[in-house]
Structures are given as structure tokens and as C-alpha cells.
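The same chain A turns up in both complexes below, where it pairs with chain B and then with chain C.
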Partner chain A sequence: MSSVARAGAVVQVYFDNASTSYPKPEEVYRATLGALENLGGNPGRAGHRKSLEAARAVLEARETVARLFNIEDTSRLIFTLNATTALNMALKGLLSAGDHLVTTSMEHNSLMRPIHGLEQNGVEVEVVQCDIEGRLDPGALINALKPRTRLIAVIHASNVVGTINPIAEIGKHARTRGIPLLVDAAQTAGSLPIDVEADCVDLLACSGHKGLLGPQGTGLLYIKEGIELEPLIEGGTGSSSEDLAQPSLFPDRYESGTLNTPGVVGLGAGVKYILEAGLEKIRGREVKLTTLLLEGLNAIEGVEVYGPPKAEERMPVVSFTAKGMDPASIGQRLDDEFGIMTRVGLHCSPAAHKTIGTFPEGTVRVSMGYFNTGDEVEYFLDSLDSMLKR
Partner chain B sequence: MTAASAEIIVVFRTTHETLTAEKGLKGARIRTRTMVKPRSISSECALALSFNEEDRERVRGLCEEKGWLPVGYYSLSEDGSWTALEED
Partner chain C sequence: MSSVARAGAVVQVYFDNASTSYPKPEEVYRATLGALENLGGNPGRAGHRKSLEAARAVLEARETVARLFNIEDTSRLIFTLNATTALNMALKGLLSAGDHLVTTSMEHNSLMRPIHGLEQNGVEVEVVQCDIEGRLDPGALINALKPRTRLIAVIHASNVVGTINPIAEIGKHARTRGIPLLVDAAQTAGSLPIDVEADCVDLLACSGHKGLLGPQGTGLLYIKEGIELEPLIEGGTGSSSEDLAQPSLFPDRYESGTLNTPGVVGLGAGVKYILEAGLEKIRGREVKLTTLLLEGLNAIEGVEVYGPPKAEERMPVVSFTAKGMDPASIGQRLDDEFGIMTRVGLHCSPAAHKTIGTFPEGTVRVSMGYFNTGDEVEYFLDSLDSMLKR
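Entry: the complex of A and B
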């Protein structure tokens, strides 16, 4: 029996980091609570000290997060509620009837649903089919481009099987064709290097509460200079109050309403933690855990693992099925009998499950993070093995 | 306040720009105070930075160097109103 099971009375193994990461670094808890307790004011709304302190803390977080993605003009980094809001802002702000959009068959519903709505309103959508391991052929994507293509929208890595897309390669092609590239980095931000300049990313959307280690209720959208988005939400910004028109300047244009200040400050602390640890170290640990998990799963009889065979080609997100058993019952038993928290079903990504051949049953998904351990992986493998033998 | 340390304010377009400049000026050890922009000055931003007149050239130089884009500089007249300073 692994040391996890021996360690304490109640075992809890959190393997649902692709939904939201847990635990967060101590620094994130302290910063979030500190903001709630001490930065009482509404950032940018008044000139009193508490409002100014809050606004300064938001600026600090913005600068920290911008550093991670090499965003030079920090005002173009917009704080959102989550990745879904960021994706909606980008898609609905940019596309209108008659525009052509190219995307992939591995996208999350947070992209597929707004696109479906846009399609009803006259946007033409082309979905490039990925292979059974979730791999995108960049050549096929480039072949799908038309003179009317207004946007390329690509998931950086799958939330079902972790397959990583070559965004820099796609970005370079998109840039030469003058077509903006939107990247959904919900599964990669905080683990893989993303450089909006070198990778030619025009719009970057991601969650703040997954790999960036921030609290829930945080996300971000980067908008490159020259990209014009109609704001999805309009309202009070604390600026130009006498003018009824939505302000034109960043970040105010896209940040109407009171920000999630404690969340944003916590997100800043999460990214600071990542910058200090270094992406290489974080990614290295995730690859190690994924290798261990893939080897172990492949050795269990009756288990089928989806996605690329090598840990280096994927994020620490692994989907599997077993012996024709309902993934829901595997997930339930892992939690009830072993304290292991996974996520089962379609993971908000029916298109991706169709691509890998697991629709509509879905899979059991194990998604790990920087704070998981090899012992936890071994405990999970032992638990699954014993469960399937019974 | 003596004549030698007359107050100047610089106004930017957004809170983001104002507080970025505030941080930069403080980093350069220029004494500055962040305040609510006087109503008579029109700008999208509700805030302004005030500093002493003798630091005016340093503030201007830093704005240029860092690419901050002030809407304008203003000085306090004897009658209590704010007058735009001519840009050179």
C-alpha cells in the first residue's frame, strides 16, 4: 500500500485540477484574505486611500500576470470572471454576419456554444477535424482559411486528453495572412510558456483559477494592439462618467462594473508564485507525474487510455475508460471508497469526445497539478486496480 | 506653500495610466500625491497626480521615456483655479 493511504485517517486525493486547481499556494490564500480584510475600497472609483490602495493592488496583479505572458502594454490585459467570459468577449466582440471563423474539433463548450450562437446569426464556422489522439494538423487548419476568415480560434491544449497544439506555428501563419489568432489557454497557462509576441497571439483567453493558481471568479483576456472588440458589457468604469458612451481606453473599455478585487489580488499572488518557481520546474513535475500515471494505467488490464502516448506531448490531463464500465460509477467509487476526486462524463467538451471516439459515454478524467505527488498517483493506480479486480 | 514649491498636477487618461505613472514617479523618488482630479479639468480619468514645480522637467522626462501619455499639466492660480501649462 502506498504512503498516501497510510498517512492519515481520511485520504483525499484531488485529481480535478483541469476544472479548477486545488490546493492553492499559501501565498494565494493570504493575499486573497488580506485583500478582503484590508483593501476594502472599490478600485478606481474614488480618490480616498482605500480605493487607491485597491487600485494599486489591481495594477500590481496586472503587471505580474502580464510578465508571465510577455505582454508589454499591461493595460491590454483585461481581468474577467473566468475563461468563458474572456472567450465570449473575444468571439462576440470581433465576429459579425458574413465573417468566416476557423476552429478545431477539440474545443470546449465555452467556445463551441458562443460560436453556435454566432452561426445562427450569420457567421460561417469551419471546424477542422483533429485525429483520434486530439492532434491538430496545422496544414489542414491553414487550408481551411478563406479571404473572409476573420479569426482563427484554437485551444492550446485539450481539457479531455491534454493534447498540446503548436500555437506558435499557427500564430506565425496567421500573422503572415493578417488573420487574428485567439488562443484558449485554460489548460496551459501556468505550465507551458506562452509569449504573446513570439507566438503571435492576438487574443489570449484563460482561467485564473486553474494553472495560474488564483481563486475562482478570475480569468483574463489579452487583446493585442490593433484588434478592435465591441465590448460585451457596458457600464460604470469610474472614468468619463459624464459621457454616456462606453470609454474607448484600456482596460476600462472592457472592465465595467466592480472587479473581483480579492480574486485578482489572489491571482497576482498565484502568478508570482509561478514566476518564482519557474515554468520549467512546474512543467517538469507535471510531465513526471503524467509519465507515472500513463505507465501505470497502461499496465492495468481492461483499461483504455486516450490521447498521445507520451507525457511530453500532453498536459497532465488523462482520460480513460475501463472494461465497458460506466465512467460515472468508476468516478463515484473512486471518491466514495478511496477519497480520489476525478471528473467523469463529457467534461463540457462533446466535440472533443466525438473526436477521440468516447461520445456520448465519456471518460474518467484524472487531471493533476503542481501539488500532486507520485505517491498519490501510485495510490490511485493501486485503488483502481483493486476496484477493477473485484 | 511657498512660491518655490508651487503645486503642479498631471492628468492621465485612465486610472491604470495614472497609477502606473504614480508607481514610476515614486520609483524615481519624485514626491507625488494622488488626488481626485479637479472638476474643471476634463479627462476620462477621475484622478490626477500632484507634484512640486521643481520636479516638472523630471516628470516630463519620465513620461517621455516610459511612453506615458499625459492629457496635460496644470498649475494652481492665485484665484484657486487650475490653468493648463503650455507644452513646449
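Entry: the complex of A and C
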């Protein structure tokens, strides 16, 4: 018996960090609650102390998050409800009929669904096929560019198999061609280094509640200077109130209405935790766990693992199937009998499952985070093995 | 000296509840933190226990909030980031070029700014002028309707002077004409009864963090059966993942991406608190405080109060100016010298200030909530009086 499953204790192993990370650092709980209890004012809405305190706390969070991505002008970092909203803001704010968009066959529905809508309104979409392990060939992407390509949109790493895309390589090429690059970093932010300057990222969208360790209800969009987005949501911003037109001031232009102040402050605490731990340490632990997991899964008879074979090429997100048992049953039994939480099915990414050959049945996905342990991986492997042997 | 200002104690009086309510009930802090610490899963995204627990908690919050507004089909209650997002979803989801919209001269920028954008895209907007106290004449609104009027959009009560609009009267007329009614209840939800059935409200948008006592980062949109809105945000919903088209299922169609689970659970706790206290009690206390405030302000020389004279005709939101002193200075000194937090300026509502004759200087706004006390009102009146006398 693994050290996870102590006699009498109820085991719970959370392996669904690609959906949302859990647990969060204690600092995140404290910061969120502290904001809720003490920063009662509405940031940017009044001159009184509680509004100013809230505004200062939001600014501090903005600066902390900006530091992680090397965003110099912090006002160009927009807080949103989630990564999906950020992606919609970028895509719908930039593209209009006649524009050409290049993307990949590994994208999440958070990108595919708004693109599907845009396509019906006259945007031409070219989807570059990735290989069966989810790998994008940058050359193929570059070949797909046209003179009227208005945007390249690429997932930084797959939420199904964790395959990492070479965004810096794509970014540098895109920059020389003058085509903006939108990166969906929902699976990588907080683990892999992302430097919007060095990597030539023009639009960066990501969740706040996954690798960034913030609360659910947070996401972000970075908009590089020079990129003009039509605001998707307009309204009160506490600035230029006399003007009926949406203000041009950043971040106000894209942050209409009251922010999720406690969430944003919690997100700031999550990113502070990451900056203090260091990406290298976080990534190192994730690679170690992924290596252990991949080796173990490959050793179990009848299990097929998808995605790149090496942990270094992927995030700690591993999809597998097992002969003779459908993914839903495996997931259900892992939870019921062993207290292991995975996510089965299509993971909101039908295109990715088509690419890796697991559509429409899907896979069982194990997605780990910084707080998972080697013991948990071993307990999972033992559990799966014993389940499949029965 | 009022009982608020005890010797040696630092006085803080929060009179900016129309921006965001503060404090929240203890139950809201506990529920939000509890969700963050214990409901770690992503609701609707997996079959494991933590995802299901989160989904159940969100459903419970949805049912609680629906009860307050007599929304029978709770799936038609959409959780959003804020009221602004809800209004944008309603307006931009419904209206297109050639449509006619009727609204009022007391609307907030959260409505006026998206409308301004729609107007530039071919939507015809008719703004019905309200009187100097912010009162809407329902007859004038009805006269403004045309055969191609596609929507009536009305603020339930002004965020500047608190004037309450007769939404049920408007709703009943709109229903006979077959024109949908959108109500912005940011200032009234949690204080005034709103019954979407009896009041014939087709679209109800409101904040979660004002009178509903939830955390910032929450808002809602109710969409009556039969009202078709194009989704503003598309993406992963955890449902019909194989389909690139946005699902038609409610609430998923309008809730793409991860929800603000802790915020929504906190909002549920806020509304539960309201349902237990009872709207009559809450409204009663607010009317009492408003009466005290109006009487006191009217008795101070040089002070001009805007809006209806009777507390019963308005929300606990009172705007005033004082001879010889600009609103910004009054607000600043109330905060610096007396610890009283108000909001000065245009309150994101230039149209309303034009209507009441206080544009562009604005007013000082005192906005109270259920947790304010008569002692605080008296302390404020004493403070203002002494300040103006100096």
C-alpha cells in the first residue's frame, strides 16, 4: 500500500489541475478573504479611503502578475472573468469579415467556438494540422500565412495531452511578418516561463485559477501596445464619465463594471507565491511527477498513453485509455473506489481529440500541479493497475 | 457628539453602498472562503466529487437567487462578472441594425455606453426625458414606442438620486405590445421586491455585490423563455463538447469558461441572508434612514438635495450639493476629517446628472445600506453641518 492510503483515512487525490488548480496556497485564501473583509470599496470608483485601498490592492496584483510575464506597461494587463472571456475579447475585438486567421488543430473550445462564430461572419479560418502527439510544425503554420492573415492564434500547451508549442519561434516569425500572435496560456502560465517581449507575444490570454493559483473567477488578457481591439463589453469605468464613448485609457477600456476585487487580489497572492517559489522549481517538480506517471502508465498492460513520450516536451497533463474499459467507467471507479479525481471525455477540446485519434470516446486525463506528490502518483498507478487487473 | 464618534476611536462610516455594499454579512465571508477552501473543483467540468460538489453549490446559489426574483426556470438565470456584462449581453445579444430601442435619460453608463456603440452600428435609440427629480412618465415612454421597437430598457432606480421607476406598469404595457423589457436592477435588487412574472420583466440585469450582498465579481442576467440572445462570449461549457457551435442548453449557452464559483456561492449566501431577513424589513430600515437623512440635509443651510422629496419614492441614495463648496472638496473633507465615505462627481451617469441639472460638476452622493445606522446618519449630518459652517 502506498503511503498516500493510510489505514482508516479517506484518501482524496486531486488530479484535475488542468480544469482548475486545487488546493491553492494558504496565502491565496488569506488574501481573498482579507480583500473581501477589509477592502470593501469599489476600486477606481470614488476618492474615499476604501475605494483607494481597493484600487491600490488591484494595482499591486496587476504589477505582480505583469512581472511574471515581463509586461512593462502594466496598464495593458486586463483582468477578466476567465480565459474564455479574454480569448473572446481578443478574437472578436480584432477580427472582422475578410480577415484570415491561422490556428492549430489542438485548440480548446474557448478558442474554437468563438472562431466558429467569426467564420460564419466572414472570417476565413485556417487550421494547421498537428501530429498525432499534438505537435505543431511551425513551418506548416508559417506556410499557411497569407498577406491578409490578421492573426495567429496558438495554444501554448494542449489541455488534453500537454504538448508544448514553440511560441517564441512562432512569435519571432510572426513579428517579422507584422502579424499579431495570440497565445492561449491557460495550461502553461505559472509553470513555463512566458516573456511577452522576448517571445513576441502580442496578445496573451490565460486563466487565473489554474497554474497561477488564483481563485476561480479570474482570467487575464495582455494587449501589446499598438494592438487595437474593439471592446466587447462597454460601460462605466469610473473614468471620463462625461463621455458616452468607451474611454481609450488602459486598462479601463477593457474593464467595464466592477472588477472581481477579492479574486484579483487572491490571484496576485497566487502569482506572488509562484514568483517566490520560482518557475524553475515548479516546472522541475511537475516534470518529475510527469516522468513518474508516464513510466508507470507505460508499464501497465493494456494502457495506451497519448502525447509526447518525454515529460520535458509536455505539461503535467497526461491522457490515456485502457483496453476493454471506457474512459468514463475508469474515471468513475478511480473516484468511487480510490478517491482519485481525474477528468474523462473530451475536455472541451474535440479538435485535439480528433488530432490524437481519441474522438469521440475521449480519454482519462490526469492533470497534476505543484502540490501533487510522487506518493500520489504511485498510489494512482497502483490503484489503476489493480482495477484493470480485476 | 453623536454616538458614532466615540472618544479615541477611528470613525469609519461607509456611505458608498450604491457602488458596492460594505460590509457583507458574516455568512457571505464564510461561504466564499468555504467554497475556495473546500469546493476546489470546476463545476460542470468533470464527474469527480469535487467538481460535482462545486456544481451542486452553484446550483443551490442559482436556486436561492432565482427565488428572490420569482424565476421559475432557474437555468435561465445566468451568472456574470458584473451587471455591466449582463447589460452588454442583453443589449448586444438582442439588437441589430434597424432595430429601435427606447430608454430613459436616467441610465447609467453601463447601459449608455453599449447603446452608444449600437447606435453607431445602426440601432435607433430614443431616450425619454425624465423630470428634474429623475421621474419617468410611463405615458411618455409608451408614446415613444414604434412598430419596430425591439426593446425597452429601463433602470429600476437611479444610482444618482434613487428615483424608482414603475417597472411593473411599464412591463405590463410592454407585454401587451409584445416588446421585451430589460430592467437594470443594480440599485434595487435586494431591497425592492422584483417579480419577473408579475412585473413582466423579460430581461433582468443586476450586480451581485450591491444590495444582494454578494462579493465583487458577481452579477446576473435573467433571460425569459422565448427571448433569443446571441451569446456575446462563446467557449467551453463542459457540455456538448463535440459540437463547435455554442450549445443551446441554458445556462451553459451564456456561461462559457469557468465561473466565479466562490463569488457565486458567496452571492447565494447574501441572497439567503436577504430572504431570511425579508425585503420588507430591509426596505423599511432603508426608508427610515433615508427619511432621517433627507430631513437633516434639508435643514442645513446652503444644501441642495436632488431627487424626490419622499424617502418612499426613492432608494437610500441621496445626492446633494452645497453652496460655495465643490462636491469633490466636500467628499474629500468628509473622508479626511470625519471618516465618512461618500462618492462625488458623475457616478458613471452623465445623462442622469444632465437630467437633474448637476452636469458637469456632479454631486456628493450618500448611499446607504441595510447595515448603516441612524447614528451614522446623525454623525454625518453633524459633520457636514459643522464643516459647512466653518
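The rule is simple: the second predicted complex is superposed on the first by the 387 of 390 C-alpha atoms of A that agree within 3 Å, B and C clash if a C-alpha of one lies under 4 Å from a C-alpha of the other, contacts with A are read in each partner's own complex, and residues count from 1 in each chain.
To be clear about the criterion, contacts are C-beta pairs under 8 Å (C-beta built on N, C-alpha and C of every residue); 3 or more make two chains touch, one makes a residue touch a chain.
Being a predicted model, the structure only gives us computed values, none of them experimental.
J.: Going by the touch definition up top, name the partner, chain B or chain C, that contacts more of chain A.
T.: Between chain B and chain C, the winner on chain A residue contacts is C.
J.: Quick one: is A:T258 in contact with chain B, with chain C, with both, or with neither? Answer first, second, both or neither.
T.: second
J.: Taking the superposition as given, does A:S241 touch the first partner, chain B, the second, chain C, both, or neither?
T.: Both chain B and chain C are touched by A:S241.
J.: On the A-aligned overlay, A:G47 touches which partner chain: chain B = first, chain C = second, or both, or neither?
T.: both
J.: In the superposed arrangement, which partner chain does A:A328 touch: chain B (first), chain C (second), both, or neither?
T.: After superposing on A, A:A328 lies in contact with chain C but is clear of chain B.
J.: Quick one: is A:N88 in contact with chain B, with chain C, with both, or with neither? Answer first, second, both or neither.
T.: second
J.: For A:K310, is the partner it touches chain B (first), chain C (second), both, or none of the two (neither)?
T.: A:K310 sits against neither chain B nor chain C.
J.: Thinking of the overlay built on chain A, is A:K281 touched by chain B (first), by chain C (second), by both, or by neither?
T.: A:K281: touches no partner chain.
J.: Based on the superposed arrangement, let me know which partner A:T74 touches: chain B (first), chain C (second), both, or neither?
T.: A:T74 sits against chain B, while chain C stays out of touch.
J.: Contacts for A:L59 in the overlay, against chain B (first) and chain C (second): which applies, first, second, both or neither?
T.: A:L59 contacts chain B only, not chain C.
J.: Using the superposition described at the top, list the residues of chain A that contact chain B and also contact chain C.
T.: 45-47, 238, 241, 243
J.: Any idea which chain A residues touch chain B in the complex?
T.: So the residues of chain A touching chain B come out as 43-47, 52, 55-56, 59, 62, 74-75, 238-241, 243, 247, 249-252.
J.: Within their complex, state which residues of chain B touch chain A.
T.: Touching chain A from chain B are residues 13-17, 19-20, 22-23, 34-36, 44-47.
J.: Which chain C residues qualify as touching chain A in the complex?
T.: Touch residues, chain C against chain A: 12, 14, 16, 19-20, 22-24, 28-29, 32-33, 36-37, 40-42, 45-51, 80-85, 87-88, 108-114, 116-117, 207, 209, 215-219, 232-238, 241-246, 256-263, 266, 328, 331-332, 335, 341-350, 359-360.
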